[in-house]
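Following: one structure in structure tokens, then a few remarks.
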């Protein structure tokens, strides 16, 4: 029997199981919806993400919310890690895909990858009925920062327009904003500590997506947990920012920029 | 003087020139348009691509055409190179960005990368006043295939719905379809050779974008030439397909698929 | 003062600190050793890794051990994740670097990336004076597998030659093999559970490197801890296997292999 | 019959053909040589490259030449494109493989990728019996630079030690240096134009490998042509520099360097 299982194990990994798209029939389908339907004008790209990632037709306000997130994160200038590496690769004469990818590979915990983490932290805090104080001080005692809180440049006095836009959209279209409200309580608490400990754009997308998942009546508790555990939400940043990164690569190619070389005098050769 | 130039050359590469996005002021701008404007609902993601790649506000029918192209190419099943490599990487337990990128790196001349090439070939043929016969036989005499023509599975009898959708959109919204009509003449000619030598989806996007650029009155001849030379159009495939690739990565992670190993018996060890 | 720190923080990230190589003087140096010295025949590539990663001239038996590890992991056939993705990318017509990278991105917890983890687990077990039984049962109670133990195909009856070679080398050249001996005690224990729960090649490299670091008298306890924490050892696999991956890419290109497409009938379209 | 071919074509791409390594038997073999043989001390890593890329046991002086090339190109400081992007990715908190790959993707025509091109150009010139003058002026008339000639910093007065080392090795060990001598004639000619138009390290490796392939009596003319056409030689740079890139990633991680952000004031926002 054991060997039979083994044999099965050897065979099973060679088969692929796939659920999101079917290209076999007369017409391509995305989670069962034929492509001719998907291409109708009332479908936005957010709907395609709904079908291919979340495996269902999202309500229009949800698809439009995803589309808004993509637009908001599409670019943030040439100085951030991702754009910078794409620019350096493009100036080394590399093709579009290589240049894009060199930049994408900087997306992670410190750049663009805090959406899932902040959703995890705020969901967990609410599940465990923590007060804002308990959350903040609890994290502090573990020496951890709260993902989705804090900004290098923006502050309570110099607010980030992108967060205002997101909050405004949710206010108008979402039936509940429990997670956002909780995060804003947390922000109130952290702002007492420092003026720049605001709910940032990653954090805001994270909690608003929690609100969306919980209030749209399409996902079970287990499905929401799985989405947050697996980490779907950073995907919005990745797709959106791809547009900006490709823009930077094309920009450099169009201007025929030469090979980048970092200046000697900006480097400390520390073994000296 | 020579040394002055040299000095200049050493200094210049350390500066970066960038034109598409400005993150310095109060509010982020995409090619001069503030993000609060970009986030209004009448802007689709196609408009953001217009601003960040083509550096202008495209007319609505053009932005919606770009959005349609993204939707059309968003996925094509788990069997193609890109999805396959993303699936293998995800099953090796790699993070979302690494899995996506492993798949993106297969996009090129044989998979997803024929849009720019077909635009180049058809533009050149029209610029040089070639008849369809001259184009086809000229390429043949050089031993080259026409990019954008031919399909492994689809044929004149089993048409590709995606091409029908694209043609329909152009008919309704574009003021000129000179390049499409020429490509359809070429298709007529190649269909006499074989039933599957149809204008494929890459070719159709390529010529329709030529029609769009020429008929929307926003680009000079030189700008169009530059867009085609630099190779902007494959970017549509890359952004669109990123959605599908991420979908495949999440799909495998959700199903906790084990490490993929290609079966021994599907490999010919040719040094035997 | 706080703001001064802030200012400093803003400035500091733009400077780069680097310690491994100096390209400014008359002659390139690797950790202070001039390249003309490095190129002498008595230096093997293992010595270069010693200088550039571990920042010291390793004794000859250590450099040769590293070189042996690179040779041992250089390739393991076309069926494993890394080689497979490189082959698929090469067959999509992609350049050498893109093909290599598509494969490299599968290296991780389930493929090639268990060396650091097994060093961590065995170091921790010895630091905490765990008996083999305590280690194995402790991991089991946490539902975790011991990295570096177990093999899909090899077993106590069908031993892995690569492990024999490694052990033989250590026996001949290392002054201590405390970590290896401990791991072999653990193997004795796990072999009672199943015949295939052997110390595998990743695990063997991991513990032997612990022995090397501890017995060569060149590293402090803190430095060893840092090497294991940061995760230097998977780097051996990455460099070594790059040779095999490039070999596979060149092999496919030489044979002009066409675009790979996974067969429909090997896929379960599970939404059916 | 046609349909039979078609059927064949559909089936064939699903099978993989592979020739460099066999992992099926009792013992892993590299091009037929068992791994226990490969691990003997007289085999250097250059021999493994011989087996896995060139599919034969190279003579010792050739394997040691490859090993020397790897050592020479292993690193060139933190300022070049590859190291820079790896450093930026590592400082964004990315894992070792992602950081390495972000840097590798800058290797190409302007950084590290001139070895194959210079072998192509010099081989072609000798095949066509061009004088150095004809080669240089012919390229000039086509507006092309000679790959492997020229250096930003080094010159006839400030020679590159790495080139001296390579030439010295070839003089001692190679039975013919026809291609090197030709390249040095070309250098004589270009040095009349400018003092920095020296044979650079990429060019020197390129022509010396031509000499090696032609004089070691192991390769037919057709095989040499194929090696140069397919482009094997940049692989030396890729493998060698991987060591340096990994070194830079580990260096940054060890020093816990924060997120890199390019300074605003080093960027010209040109749409201003």
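As written, the chain order gives the labels A, B, C and D, with residue 1 at the start of each chain.
Here is the rule we use: contacts are C-beta pairs under 8 Å (C-beta built on N, C-alpha and C of every residue); 3 or more make two chains touch, one makes a residue touch a chain.
If you're wondering where the values come from, they're calculated on a predicted model, not measured in any experiment.
Visitor: Which chains make contact with subunit A and with subunit C at once?
Guide: Common contact partners of subunit A and subunit C, which must touch each of the two, are B, D.
Visitor: Taking each chain's centre as the mean of its C-alpha atoms, which one ends up farthest from the centre of subunit D?
Guide: Following the centroid criterion, the farthest chain would be A.
Visitor: Go through A-B and B-C and name the pair with more C-beta contacts between its chains.
Guide: Comparing A-B with B-C, the pair joined by more C-beta contacts is A-B.
Visitor: Looking at subunit C with subunit D, do both copies bring the same residues to the contact (over half shared) or different ones?
Guide: Same residues, largely: of all residue numbers at this interface, over half are found in both copies.
Visitor: Compute the distance, rounded to whole Å, between the mean C-alpha positions of subunit B and subunit C.
Guide: 38
Visitor: Let me have the rounded angstrom distance from the C-alpha centre of subunit A over to the C-alpha centre of subunit B, please.
Guide: 23
Visitor: Provide the list of subunit C residues touching at least two other chains, using ranges where the numbers run on.
Guide: Within subunit C, residues 14, 16-20, 22, 24, 78-79, 91, 95, 97-98, 101, 105, 107-108, 258-264, 267 contact more than one other chain.
Visitor: What topology does the chain contact graph adopt: line, ring, star, complete, or other?
Guide: Per interface graph, the chains form a complete graph.
Visitor: How about subunit B: which of its residues touch subunit D in the complex?
Guide: Residues of subunit B touching subunit D: 9-10, 14-20, 22, 24, 31-32, 55, 95, 97-98, 101, 152, 262, 264, 266-272.
Visitor: State the interface residues of subunit C toward subunit D in the complex, per the touch definition above.
Guide: Where subunit C meets subunit D, its residues are 9, 12-14, 16-24, 26-28, 30, 34-36, 38-39, 41, 43-45, 48-49, 52-53, 64, 67-68, 70-72, 74-79, 83, 87, 91, 95-98, 100-101, 104-105, 107-108, 158, 161-162, 164-165, 169, 226, 230-232, 234-235, 238-239, 242-244, 246-248, 250-251, 253-255, 257-263.
Visitor: Would you pull the subunit A residues touching subunit D in the complex into a rising list?
Guide: Going through subunit A, the ones touching subunit D are 78-81, 84-85, 88-89, 91-94, 98-99, 101-103, 105-111, 258-264, 267.
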